[in-house]
Every structure is written in C-alpha cells, then in structure tokens.
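Note that the chains are named A, B, C, D, E and F in the order they appear, and that numbering of residues resets to 1 at the start of each chain.
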C-alpha cells in the first residue's frame, strides 16, 4: 500500500477507535467469527481448518517415529513449522521460512509446549530409543490478519483431532498393532492477541488494522487462569499499565472462548 | 502400507475403488475461494485437495526476469507437508520443480503472452492432500484461478490422466493404481482448440494402447471442462445475485 | 539474442521448413551425426562422451555402496543428476540445478528406469542392507541443441561401459573380491525428441531451431516397440494428431538408430 | 551436565549463585570498543559476553529494502559457535532469527525512523559467551552502540529479565535458573518514556506473579540504565581528554 | 573507498616506502604490537584473543566427540572455521562464509595441520570408533589488516589453552572420568605475511596498506626453521627473487616472535 | 585403496610412474574446443583431464559486481562428480572455493584489467578427471581459453608444481605422490615477465629445498609454456587454412 493511502486509512481507523468503533463494525474487544473444521485432511493423522473472519489457517499433523532428544529420553518430540503460503497474500513469497513465519511457528510452539498440554511421556515407545515425533504444520491459506491466534487455535484443534498408531516392542523389534489411540491432550491453551493503535487496545486485529498498528501483544493462557507464553511484536511499545490491561483482556477472552468452544 | 491386491481391475471391469475403466473420480470445483488473491480456485478430484491462486498481471519480481516482449508466467506447484503418507519437507523437491515447469508450459498456450509485455502472472498451487493425478487436477484449478483473476485466455486448460492397470487402459488413476499399475499418462488439454499442452508418461504402453489412452484422457478432459465452465459461471452468477 | 534477430531467424527457418529444408541442410526427420566414445574417464566405473552434431555430453558413472530403499530391499539404487556446466553455453550459470537441468535429469532417469534396462536385483549385495548405488552424472559440455537425446544416449553408453567391483558377504562382513563385473544392462531404450515449428515436426532440433520452436515431445522406446517414457516441453501445444505422428517418428528413428549403433 | 539442585533458592532467599531474589548480576559496559564500526559496545552481564556494533545511517543494501518514508533498522543477533556448551553451527538458527526480529522491534521505538527516510542502520550483535538472558544484555549493548554511532534516539533501551524459580519471583535469571526454573520473562524498557519495547515469557505465571515480575524487571532495567548513561559519558569524557 | 581517494593514498604510501617509512611510522619489516589473552571464554575448552595493532581476533576451541575419518582411524579430527563477523568491518556482510573467510580458515588450518603441531593420535579414544573432534572457530572482531597472521596466532594460543575431558572405554561403554588433560600441542608454527607495494616488501600490512597492496605471501614455519605452509594472495605477482626474500623475512620474524612469545 | 609403496623414488632416481625427478608428465593441449564459449581449451596433463572456457569481455552479472575502474575477472574451478575416486557432490566444496580464488589471482596479473572498465570476463574450469596438480593444469588451460577469447594479455600464465617425495625434490607430482609425499608446491608463472602469480605449499621443506623446488617448478612452467604457444599457433593456423 502506498504511504499516502496508509496514512488516510490510519486516520480513519483512529477516528473510529475514538468513538469505540472499528472499520468492520466490531467493538474494540470483539473477536471475529470463528469456524473450526476438524479432520479435513483424511490422510493426515490430525488436521483442522480454522476461519477467523476471513483469515484461514489449515494445520496438518503427521505422526512419525524417531529418536528422543538425549536429555528427554522418555518424551516424544514435537515440531511446529509454519508456512506463509503464497496463495494467502500478495505479500507472501515462496521460499524458506522468513522471520515472520519463524516467529509465528515459535509463538504457537511455545503456547503448546509451555502449557504442557500434550502428555509427552505417553509419546514414548521405547525409552531412549523410539518415540513418536509429532509434526505440526501450520499452513496459512488466507491472510486477513491475526495469524497468531488463528494458527494457535488451528494447531490445538488439529492436535485434539490427532490419532497415533499403536506400537509394541516385542523381542527388541517394533511392531505395529491394530487400531489407533488419540493423542493425549491434557489441556487447551488459548492464545489471544491484543493490538495497540494510538493508545487504544483492540482484540483480534484484522489486516487493515495490522497495517497501521503500533504493536501487538499475545498471551497464551491455561484453564487455571495462569499465563504460559507471551510475545510482544511490532515496532511500537506498551506502557506497563497497557501490558497489564492486555493481560486481563486476554484472560477474559480466553474464558469466553473456552465456553464457546467447550474446551 | 496396504497389501498389493491380486488384480487392479476385476473380470467385470470394475476397479479397486469401484469405478469402471473409463469412469472419472468425482470432481468438485470452487472458484474465488481466497480473498487476497486476484483469482483462486479449489478442486477436489477424488481425494486430491488442491488450492490454486493467481496474482497479476502485475510487476515482475525480481526485475531482471521481466521480458520486454511478453508476459512472464511463473508457476509453483507445491505439496503441503501433510499431504502425503510420510511428512514431506516443505523445501521444493526435484519432482516439484519439474512439475512446476511442465504445468507452467501447459498453461502458457492459453495465455496471450505477447499482448502483455513487461508484466507477470504468478500462479501458486498448493496440494493439501494428494491421491494420484495431482498435476492434472492442479492444472484444472490453476486455469480457473487465472480466469478468475480476469487474465484473458484463449481457452481454459483442463488436466486428466489415463493409464494402464493390469492389461486395461483406464481413465484417471488414483494413488494405488498409479503406484501398482503399468503406466500413467497425464494430459492437459484445451478443448475448444483441440490442443494438448501437457503430455507425460511413464510405464510401458504399446503404440495402440498409447493412442487409446490419449483419446481416453481427452474425453476425461472434456467432461471436466464442462464442470470448469459451470464453476466459473456459478461464481459470477453468485456475485451478480449478491450485487443486486 | 535480441527479439528482432529472433524474429528474422524464425521467419527464415519457417520459410525453409515450408520447402522441406533446414538451416543446416538436414531433412526434417534427419538426425545429426552421432559419435560415441566410451571409457573416456578411466577413473570412473563407467563413462561415455556423445557428440550429437556439435552438442557434446559427457556422462560419468560412479558405483558406490549404500542402503536400499525400505520398499525395495532387494534392489540397487539408481541416481541420475544433470549439470548444465557453464562452459557449455553463455546462458548457463554456475549454481544449484535449475528447472532445466532437473527436467533433463528426470527425463533421462525415466527412460532408464521405466525401460527396466538395468537388472536392479543384481545390484543387491545383502538384501535390505547393502546394495550398489549407481550415480549417473550427466555433464553437458557444449549446448548446440537437443540435450535430452544426447544425454539419454550418453547415459546408456556409459552404463553399458560400467563395471562393478565384486563383493561377498562373509561372516556378516562385506569383503571386496578380485575383479569386476559389467553392470547388468538388459535392454537399450532409445530416446527421440521431435520439435514443432509452426506446424512442422522436425527430429533432433539444434539450438537455432530450439530458440524459435513452439514445443517438443520426447519418446523413449524399447526394442519391442513399446513406449516407456514421454515428455512434452515448451510453451506451445500439439494436436492429438501431431502427438501420434511424433510417436511414430520416434519409433521409426529408434529402429534406425538401433541398427546404426547395433544396440 | 550438572545435577539439578534440590532448590534453586534456599530458605533465606539466597539463589544458587549467591544472589538475593531481586539482585542483578554484575554488569560491565564499555562503549566504542571497535575501530571500524560507527558505534560499538561491549557488555559483560554475569557471564554473558556480548559485542554490538552499529553502522549507519548509511545506504540500504540491498536497495529494494530501502523505504521512501523511513529509516530501515536491521538487526542480527548471532551466537559464536563457542559461546554455548555444545558447539553451535554458525548458520542462523530459528531461535536466532526470532530474537533478531524481537530485538529489532525493541530498538525501533527509540529511533526517529521517519526523520531519516531512505537510510539504514545495521546493528550486529555477537554473543561471545552465553549464560542466560542474552537477548536482554544484547539490547542493552545494542542501544549503546547505536548511541555511540551518533544516531539520534528518544531514549536508551535497556534489557533485563525477571522470572520465577521454585515459587519465587526473581530478577535476572542466569543459565541454570533459566533452564530449571518455572518461568522466564525478558523485558526491554525505555525508562524516561516508561515504555516496554520487548516482552516475552515462557513457563507458568499466575497473573499476580506476572504483575510482580514485570515490575521487578523494570526496576532492574532502571539500574542498568544508570550504568548505560555512565558508560556513554565515560567514553566521551575519555575522548575529550585525549583531544585536549 | 572511492577510486580517487585510493589513488591518492596509494601514492602517499609509495612515497613513504621509498624513504623506508610507513603511514603508521613502522619500519618496513616491523610487526605491530601483539597482545595475547588466553582463556577469555571460560565456557569454551580453549580460547584466546589476539590484538595485532588494532586488528582483533578471538578464537574459541570446542572439543567434542565423534568418529574418525575412515583412512585415519587412530587420529582425532581438527576443523578450522573462520567468520568475518560483520562487527569487524563495514565491508563484512552476514551470511555463509565467502571466499575470503574460506581462504583464511584454510590457510590457518594448513599451518596447524602441516606443522603436525597437535599430537593427533592422542586424540583417539577408541580406534576407528570414537575420537576427539576439535573445532577451532576464528572470530574476526576488528579488521585492521593482516587477518591471516592474527588468526594463526590466536588459533595457536587458543589450542595451547585447550583442555580435553578425560574418557575411558569400559565394557564397550564410553565413560567420562574426572579432570581434564591439556590438548597435546607439540610445536608452534608461526605464520608471517609479507605484502608487496610497488616493489617494496613489508611485514604485517595493516588495512590502509592492504587496500593498495599488489599481493601478499604468507609463510608458516616451524621451530626447526622448516617451512610448512605457503599461500600467495592478491592480484599481483612476485619475482622468484622476491619470493625467496619474503621466505627469509618470514623465517627471521618467526625467530624474533618465538623469543618474544616464548613459544 | 592401494598399499603405500616402500619408496616413492628408487635408488636410480626413478619414480613410481617411471619418471625421473625433474621429468614432466605428458601434456596435451587443445585450443578452441567448444563452439559456444568465446574461448576454450582442453588439457590432458598426465591423467588430469580439464576443460576451460572463457566468456567476455561482456556485461558483468549481477550488476552490483561491476567496477567503474576495472574489468572484473570471475573464475570458477569445479570438479565433475565422477572426476575423483569417491563421487563428489556437485555443490562447490571449500577447497573448490579457495582454488577458484587463487586461480583467479594467478590469472589477473596477465590481464589489462584497468583498460576495460565496466566489463567482465568469466572463466569456467571443469576438472573431468583429477590426478594431482589440477590447479596448475587448470591455470595452463584457463590462460589459453582467455587468449582464445581474444582478451589481450601481458603473457600467458602457466602452472606446474614441484614438491618433495621421500627426500628428493621432484617436478610435477601425480596423485599418489601428492598424497604420500612430503610436500607439494604448486606454482603459476608468466615466463616472459619472470612473475610468479600463484604459490602455495603444504608439507615440510627446508629453505634450501624450497628454493630448489621453486626453481624446478619454474623450469617445468617454461616447458609447458612452449606447448601453450604451439597450441595457440596451431589453432589459428588451422583457422587460417580453413578460411583460405
């Protein structure tokens, strides 16, 4: 977008915010409509597509076998990767992950990992030798803003939908057994991002807002009301007061979403 | 994974997924599915699930690829890591590089490249789930995405494979037939120009079988072509209704 | 080449084709002179240099040891790689393989693999554990057109010239034995490319023709007259009739070449 | 390598390296340490040893990254292969890419980006030895390097983490506390503007603990800020003396 | 630097050299002041920082475990890598090693390897299976000229400062024992680079001289006065007579440095 | 592979390949062997088989490498995957990057770089088979390729190594001598200017041996120089005959 258009749009957005309104008619603390479809990729061990307004994220989960890390011989391995697929935006280019997709993957990873929502020890088949390796691939299909929340939601929905093949170790050999077991998901972190535009805090910024936004702050929180991951982004700043306000907003929205999603 | 069946096609001419020799898989097409692309389309061809987006005509990037006397079409065929049995690295494989090239060359004959010098059209194809015949389904979707972007075309391009399983020439192989069958022959075609724009084959075909397979693939293309036109119409009808 | 020069040359070529002639005095279905030198790289297990007119391709074959693929535990591994070496053309640049060299390698690979010309099971030393890995490296040294046919010919000539060291498994240990065995080559696919320029089909296009050519189609065929690989290339199209015509041309030329080469 | 101790903080509130809960590690700052950089600084924060250099304002390279309406700040956070227990490949890891981004975004609010369009400032950070809290120490040094290069700033930026070990909220975690503790919360702050420019967290914190940790980190930042100003002053005093 | 400035500076340097002088007041065969600090990175197994005038190079040594090369089953593995870290010069860019850093690493490597200064067989823990892998990472922190000599010096100083953990093989298992052993350094190659500016040979060129220098030649020599590595660099040439003169200079300076450093 | 022989040179001064200490391997040179390069040459030096091609003077690509006051010479030394015992990956190794640099610097003194500002010459060297001393043979061929391209030169550059096997200084080491010998000293030389443009060494040489080896390598260079001139003459004579 040209610099002039950005400035005009920026002014317009600020004026609306002064009146407690947003371009798309939401209130400052309203989340866009959420739609979750699970099991959309039958060939993957788990999958979910999330629509957050027009933002569309597909997450596929593949479960493979591998070796554990030497310092956690009894735990499975979780890998989160994000692709900003070029179908999603004229600004995405094909190629190896850039800083934006790496940050996205790492923030989603942190929410999952730090909430300890997966019972990692149940992913161990033979301690120190064979464990399940869970690949969570985030595929952003349409970028209409707030990729972090949409991706975190899609990743959790896909993990909740994931099944693992059954294995047993017999005479030192690994054998596949009949049937599947659901991935052991113990809790459900909810990730809420708040944006700041000229002093106003707004929830779930969409793309027009992101383009004029000072900064954002993301909180992943658990069922018990504790915080498990935070990420500030963007070229602006927050006052300590705004940070605390954003944390409260995130906790409130999480409660609201848990009810809606029954998580 | 699964055991190889004794036969891929039984005495009655029925294939392992219940189809007859010259029967297409179900095809579902949707146009205009992505709000940030200039054009887009989604195809479910059997269990293949593929998304295509077109951007342009726009500036060519990087600039040194710009052509003074023609439009530059770039195509990327890419498979999602979760689209296949074993997780695929997102880095492009040699197979994906080759398919991107032949798909590009299958679409170029449909475009008036020389009429739009110094511009570019980029087509991005994402295979979300693969089940045999992805390049053909990708072409079908890519042509729709380009049309949806408003880029003038001589004709739509449509893809469909034929091949040989056991001793029978059949239409539109799915994954297991592709892997266990005797030959796979993907074709892309512009029906109103009677032009074959992609043709590949691997396996083993007698010349007579080859001729039969080409004919069968073309018939398959023609059927899907009707759905393509319908999908485009539907989208614009819907748009029209909304506008009223 | 500038766009104007291309157009003039293009016109000239078309006018000649109308009269059944070509720039280099060949008939439309004539192949350039072929010269094959085998064993030119003494240190490689196999090698051949092919001259197709001025086009020059060197193929070296290295035979190593490796593990088989899990789904073919009794078969050796074949790898075909092509380098468009920058000595060959002012348009070739050093760097990782681009789409042209990848297509070249994969088309040659397909001709070899689908014709089943190598007795893959004889490349197995210890099933599931040790097999021969055959690296076929195509080195394009001078690009005067029709790299596919020249490379396919050079690859086959090099494979026919390849020797494998002898191994035996003794007490679970792999031991090299005296002498060498020729690579088991069972058949000899022949690859023929036909180009299309304004409706005319020509065999073995050279570089001046390639620069103005609409499209090309390549057929690899076997001794028994069956087709084992096809590749259409280029930004143009073929009618179904032209495709069938090209297939017949390829089969006829293959018979002619087999006689000439005694393959 | 080392066994996990029973407790990271004892009954008297003393941590495994002898510090109290709200005690900073020793910090040593030096400005203008490299002769070929426009600005530079060296920090020893506990056992962290980090070098930062700033170049600019200068031409943006490559050119297509130049912005017509603002200065472009580029930041690279990089760890020396020998800075950590197991040798680290010099190729940038995903962690280094993410930290480069958040550090850049922690420094940008201090710069008058819009006043210097079409120019660029490059900040290179080399972690020579890492002992927990490198991103915070890196920010402290980077801000000094930028100031040393003479680039106008709204305020210095200073980094300091707080966190939680066992059940206690503490200041400035070192490596072992970071790995074995309950939460780490790195903060960057501009004291005279009361602006938080970096905030990350992983682990588990109750809202009240979070509030306490943010406050504690800010207090830590304020202390280091005084040292930053001193380090800048010292350098220029020394320079002045030499010039007389 | 602009071409004009270079020419003026070049002229100035040449005029001084005619009078036996240099820009920084050194004699033609004088080395800048050398300062060596060992053990500066406590967490590395070895380290040293060398100041050669304003040139500053830090070398860290990490000692790990790995497999020996098949053709030297009884020897440890030495790997030298150099990073021209972008803090060191406005002309250094981040990214994978370019030809300059690769040459630097390989010349330093050659000096160490060819002098046989490390008793490689003492780095073997279990022949053919486990050996010490010694990573020497050269980190150029400030580039004020003559990186080769500064880096070679820092690498040797770091190796002399390196300790290896103790291991023993017990019942086929590798066990770490108490304490550390110094890396077995048997000799101390000294590397001296001579530059040539319009016919004058100068020792230890600094950056202003390097920018106008025709070429350089580096000799690594041992205690016994033998030469173990040479590298000519730069776009100019040497006469055979100049080469011999440079070799004598290098041998003389090495003797002088050995005294100073007590190596 | 092969066992190490007891001696690399016997009592009569005969080496394992039958040569005397100061004897060159057979050298075969051919100029103008590639039709699409501006200049080209092929060398067989012992069992080394090397192809060199020169392109230019032409535009520098990418443009930012262009120099306003001089011609830019780019050199790539590259080994074919099948040129050595174990298949080599076609990606450039660190060794190939270093050799490309020193070969470039061995050729630059022969060119009038400052007379052709804003232009570039690219030299590509392909080692098809390697048997010790490839960098020297590559230089010999590269100089011929540049001359064949019609780029003005001060002199041809010619490469030849000397070295030490057992206790004897010898000329032109082949692969086994290189690997098992005591020292290898590759030299490039412009005979009519008495200029050494490449000199490297690894191994161990006394100063006196070093002096002897340099002298021996220069004598070797001079012999090959005569063949170079002959090869150029032959090509142009042939060309002349054809033109008549």
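Observations
Just so it is clear, a contact is a pair of C-beta atoms (placed from the backbone, for glycine too) under 8 Å apart; a residue touches a chain by one contact, two chains touch by 3 or more.
Not measured: the values here are computed from a predicted model.
Separation of chain B from chain D in touch steps, taking the shortest path, is 2. The minimum number of touch steps linking chain C to chain D comes to 3. If you average the CA atoms of chain A and of chain D, the two centres end up 27 Å from each other. Separating the CA-averaged centres of chain D and chain E is a span of 32 Å.
We define each chain's centre as the mean of its Cα atoms; on that basis chain B and chain F are separated by 51 Å. For chain D, the set of residues that touch two or more other chains is empty.
Shared interface positions of chain A, defined as residues touching 2 or more other chains, are 97. If the chains shown are joined wherever they touch, the resulting network closes on itself as one ring, and no chain has more or fewer than two partners.
Traced around the ring of touching chains, beginning at chain E and stepping first to chain F, the chains run E, F, C, B, A, D. By the touch criterion stated above, chain A contacts chain B in their complex at residues 41-44, 47, 54, 56, 58, 60-62, 64, 81, 83, 85-90, 94, 96-97, 135, 137, 139, 141-144.
Every residue of chain F that touches chain E in the complex is listed here, in rising order: 68-69, 94-95, 97-98, 100-102, 105, 108-109, 113, 185, 190, 193-207, 210-211, 214-215, 218. Across the interface of their complex, chain E is touched by residues 34-38, 40, 47, 49, 51-53, 55, 58, 76, 78, 80-87, 90-91, 122, 124, 126, 128-131 of chain D. Within the complex formed with chain D, the chain A residues making contact are 3, 97, 99-100, 102-103, 105-106, 110, 113-114, 215, 217, 222, 225-240, 243-244, 247-248, 251.
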